[in-house]
Amino acid sequence: MTAGVVLHLTEAAAGKQRAVLRNALNLLPEVEVGTPIEVVVHGEAITLARPGQATADALAEAQDAGITIVVCRNSLRSQDLTDRDLVHGAVVVPSGVAHLVARQLEGWAYLRP
Amino acid sequence: MTAGVVLHLTEAAAGKQRAVLRNALNLLPEVEVGTPIEVVVHGEAITLARPGQATADALAEAQDAGITIVVCRNSLRSQDLTDRDLVHGAVVVPSGVAHLVARQLEGWAYLRP
Amino acid sequence: MTAGVVLHLTEAAAGKQRAVLRNALNLLPEVEVGTPIEVVVHGEAITLARPGQATADALAEAQDAGITIVVCRNSLRSQDLTDRDLVHGAVVVPSGVAHLVARQLEGWAYLRP
């Protein structure tokens, strides 16, 4: 078993974002129950975590299944957004890239679909 | 030395697929003899493993050199394809992303060119 | 703390290259002082390390901050370039992908923004 899995998403395109959420969902039945799976977004990709997007249904399905959406505060700030502009359940970290580094040090697997 | 190397490919564009096969070939002389190298395809990228593609020559060269093409069964199924639609030598795994996670746990290096 | 961080860049687009340099700069205050951070370029991305590019200011800022630009000699050769065609401070390695594998074996974190 793995400590957890981070999926790294940097693109804004709805089709790409849906594909990455699907990758995360497809992982769920393959890992030990309780293994955390995170989709980490920064840069243009933080649209994924904003309400009312074209990807809202896919996002809700992923969150309902237990997948955590992690958002980069540096990216929020540079787009003049705050935590209140995000969907319920999104987790904000100081730096998306630093979070991805930290997770690897904790033994998580890294995927950049 | 490394246990092995996985190259993660998600794009359908022939130019991109050729570049990733070239990356895999360029790795060969740099790693210890016998180190396994896999190109893992899922989503749109599974075209790489279908016969008669524009990338067929590059694919044959990579396979002849000992590089293994690993295909995601979830992706095959969602495109109404089966193992018989793939080139000889392609290896099918239940989930491409789960395979990439498993390889990292086994100590393989991960590249997403 | 981590042994170091490699950021893997394969794209030629100036906007993408600037974003990756920004990711590297954003990492700096988040890692322990002295942790090496490298941006590894191969294929089309080696334009980043050539003088007189649209990204020159962002590149100089990153290098001044202590980030190392690592260039693949295979890619240089295939584009009929030599070390003398690169900006001061760029480090050339025999193979970009092999370098990324070696760094992971040394315990560095891998990011492909």
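Observations
A, B and C are the chain letters, set down in written order, and residue numbers restart from 1 in every chain.
To be clear about the criterion, a contact is a pair of C-beta atoms (placed from the backbone, for glycine too) under 8 Å apart; a residue touches a chain by one contact, two chains touch by 3 or more.
Remember, it's a predicted structure, so these values are computed and weren't measured experimentally.
These two copies of the sequence, chain A and chain C, are related by a rotation of 120 degrees on CA atoms, to the nearest 5.
Residue numbering at the chain B/chain C interface overlaps only partly, since under half of the positions present are found in both copies.
Each chain gets a centre from the mean of its Cα atoms; for chain B and chain C, those two points are 25 Å apart.
Each of residues 110, 112 in chain A touches at least two other chains. Those residues of chain A lying in contact with chain B across their complex are 1-2, 5, 19, 23, 26-27, 30-31, 109-113.
Taken in their complex, chain C has these residues touching chain B: 8, 10, 42-43, 74, 94-95, 97-98, 100-101, 104-105, 110, 112.
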